[in-house]
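Next up: some structures, all given as structure tokens.
After this come two complexes, each holding chain A, first together with chain B and then together with chain C.
So, the complex of A and B:
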């Protein structure tokens, strides 16, 4: 693989807030950039279990919600800095991951999908009726920063760079995973579970590892969301649309690819911002009709997502060029 | 006495759960495929009933039939345009196809019908019956008994008729059935039609007594997952029995713990089942 596209991408991402700083809508563009990175983090985290291991979770909102709720919860009840809740969210997500993964990973894949959506809904209903967790109203973070440890900034730029650092870490971790035994085992499991098992791959254990890794990073995405917005309620933290956002972002770019989720986020987030701006509040409903349609179209025509389509088009062009060369 | 009334109400609603869950389990039995849009089919059945009552008029017989017919056609259409192609694709495509379809149908319904709750006019069917002190509404009784009858009908169709044998033959072994001169595509399309029709008619039956909105589909989909898992995947009689049990558990937990916990208890039951007995009551491991 050539190195320069990677360096170009890194340079572009690092320079982006600075490049748009001179424009009229600098704050808006910087904020959108931060949202793209956040969506990319969530989708890349989903991608580990949904893309690489081929176990389709439709309830990742539960990990996102754990990560979003705990930082605000420790502030609300004990005035602790929200940062304290971040590792607690990761720990809670790992517990939930084992709780779901352990029984369902010995069954065929559909059980896992059904269990994830059922547990996510269960959590949403319970949290929505539990006063300690803010019930239907939700939780709020500190209004003004008491110190650096509250991680509150007026501008979106510091968040942008924090998100970029986490995304880089996540992509690096995924890349290392791809090269490792875990990555090869997951590839075998995705290609055919029975064959993988007959070759001696401990299928259930490695699916569980993938889910735990994915859950931990998804929880981190939830925490970053809560730190930036300072607010979470059952719908924004645990609603099914949170899961949908991760799935469609990863699947559009390319599930099971390193940069597919980032590509998906770079397309979908600006698109969603644009429809909401043009169509007002009523646009959000339309957005999800389009999302549903796009998911169906990806599943029907291009399960590999845009990256695979791109590689196929490139290969076809190269073949044509070779034919012309030979003739 | 109130407890008996709660139990009777739970069983009657459970019969409706049994009907649409039998549709879901039929698809699983035929092609190992989970339809995440099944709850949306139920929701569309409700709106089909509402539109029929508003535009055409007539009683439960008319709008029940209309909902069943509309959803049957939708099911067949979805099979040929989507399911047939993703069926042999990767699991990502299988799960995302109907999950995306569920979103599409749900938010299209939001767009068309608005997110507000609506009801059928009470003139459609009303009144209460006193069965030795147990008060049940006529809509409840009609919904429960019609659903039980149709569920039984579906079981008989599968086990006692030639079409049923062909369906089961395709479910057993697609290639062997093809060698016997059965066209698997037609049978699978028929299964999707029947499955969607069962959801549609169940929706029409529930629309008589409950207010509904485009968001109700998700709850029904999850209810159907619980019923089908409890009954054993692919088993229609299992789904019938499990539907009654889930209806009963839901009614009792609403009565004892409060209405918001009825779904919590049922989804909790699902998670417990996955840990303890994923093959269900009547299923094989």
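So, the complex of A and C:
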């Protein structure tokens, strides 16, 4: 693989907040950049189990929610720095993953997806009626920073770089996974469980590994969201749209690819921000329409996502060039 | 005794696909399973491979009871199998397909890759190792399945119609491949329709019909057995053969 596109991408991402700093809408563009990275983290985390292992979970909001709720919960009840809640969120997500994984991984295809929706919705309803967790009103973080440990910044730039670091770590972890037995086994499971088993792949155990890895990072995405926004309620933390957004973002760029989720996020997040800004509050329902449209387009024209389309176009161009060369 | 299946039966509802079949295979043998379509060969085969547990009976591999063990345990113990309809991983490269098998005994990527390349050399797929599996035709896919199983390091290989749908030339190459595999000390059980393959490769065959083993012995003897002729061609032909 050529190295330079990777370096170019890294340089562009590092320079972005600084590049837009001089423009009139610097704060807005920097904030959008941070949101793109956050969406990319969520989608990349989902991608481990949904893309690489091919197990389409539509309930990842439960891990995102665990990550978003716990930092604000430890502040609300015990005035602890929200950071303390981050590892707790990851731990809770791992526990949930094991409990969800054992029964649901007996199911395949749509049945697995439906089971994950059911569990996530159940969790949303329970949390929405539980006063300790803020019920329908939700939880809030500290309004002003008591110290660096509260991780509150007025500008979006520090968040941008924190998100970028987490995304880089996640992509590196995914790359390492791709190169290892785990990655090969997940690909085999996605391609055909029966054949995978016949080659000695312990299918359920490896699905569980994938789900745990995915859940841990999804929880981190939730925590980062909570740290930046300082607020979470059942809809923003546990709503089905949270799960759907991860899926669409990954699928648009290319599920089961290293950089697909980042590409999807770079397209979808600005699109959403634009519809919300132009149409104001009345346009918020439009997000659903955009999602629906994206689903239809991906399913109809390019199930492999945009990266797959790009590779196909490149291959076609190379073939044409060869033909011309031979002629 | 490497493999012994005792009174293996498999029911699907009230339908008896396999009704108490026995099979004993010594280390180093090549045993054939033949019989008309729907005779229960594949179901029996799937029971041995751990794909579906039998309704009753017992299966021992090298003295270990594997009757209820899942397919992945069978693979780990050294039972490899191919599928009647090739189940290759279509979007993966040929090398990656074989590496999935190699990872069973070689957890490190480098070692798995090395093992996979050895197997690709042996099976004659090395040239195409970088192509996706979907680019292969039926003979290539069947070869790839065999390669993938070989990479898991099996002691016993179960080939389910691995040579069906091949042209005569391809069959000759496939027979050579099976011989090479056998020469490595791997025991084989093959399900096959093509008599030429059975006659050239096996010393012993079992004939299935309607879930029962109706004959067993040397291939030349078995094909002249009236019960076998009847199972394949009907009663009239059996009478004609007898007279």
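Note that the second predicted complex is superposed on the first by the 327 of 327 C-alpha atoms of A that agree within 3 Å, B and C clash if a C-alpha of one lies under 4 Å from a C-alpha of the other, contacts with A are read in each partner's own complex, and residues count from 1 in each chain.
As a working rule, a contact is a pair of C-beta atoms (placed from the backbone, for glycine too) under 8 Å apart; a residue touches a chain by one contact, two chains touch by 3 or more.
On a predicted model such as this, the values are computed, not experimentally measured, just so you know.
K.L.:
Regarding the shared-chain residue A:295, is it in contact with chain B (first), chain C (second), both, or neither?
P.N.:
first
K.L.:
More chain A residues touched by chain B or by chain C?
P.N.:
After superposing on chain A, more of chain A is contacted by B.
K.L.:
For A:313, using the defined touch cut-off, is the partner it touches chain B, chain C, both, or neither? Pick first, second, both or neither.
P.N.:
In the superposition, A:313 contacts neither chain B nor chain C.
K.L.:
In the overlaid three-chain picture, which partner chain does A:107 touch, first (chain B) or second (chain C), both, or neither?
P.N.:
Only chain B; A:107 stays clear of chain C.
K.L.:
State whether A:194 touches chain B only (first), chain C only (second), both chains, or neither.
P.N.:
second
K.L.:
A:321 contacts which: chain B (first), chain C (second), both, neither?
P.N.:
In the superposed model, A:321 contacts neither chain B nor chain C.
K.L.:
Given the complex with chain A, which residues does chain C contribute to the contact?
P.N.:
49, 51, 70-72, 74-76, 80-81, 83, 87-92, 96, 99-101, 103-104, 107, 109, 112, 148-149, 152
K.L.:
Could you pull out which chain A residues touch chain C in their complex?
P.N.:
The touching residues are 179-181, 184-185, 187-188, 191-192, 194-203.
K.L.:
Inside the complex, what are the residues of chain B that reach chain A?
P.N.:
32, 34, 36, 82, 85-86, 89-97, 99-108, 110-111, 218, 222, 225-226, 229, 260, 263-264, 267-268, 270-271, 274-275, 278
K.L.:
So in the complex, the part of chain A that touches chain B is made up of which residues?
P.N.:
Residues in contact with chain B: 50-51, 54, 56, 58, 100, 103-104, 107-111, 113-115, 117-119, 121-122, 125-126, 129, 190, 240, 244, 247, 251, 255, 285-286, 288-289, 291-300, 303.
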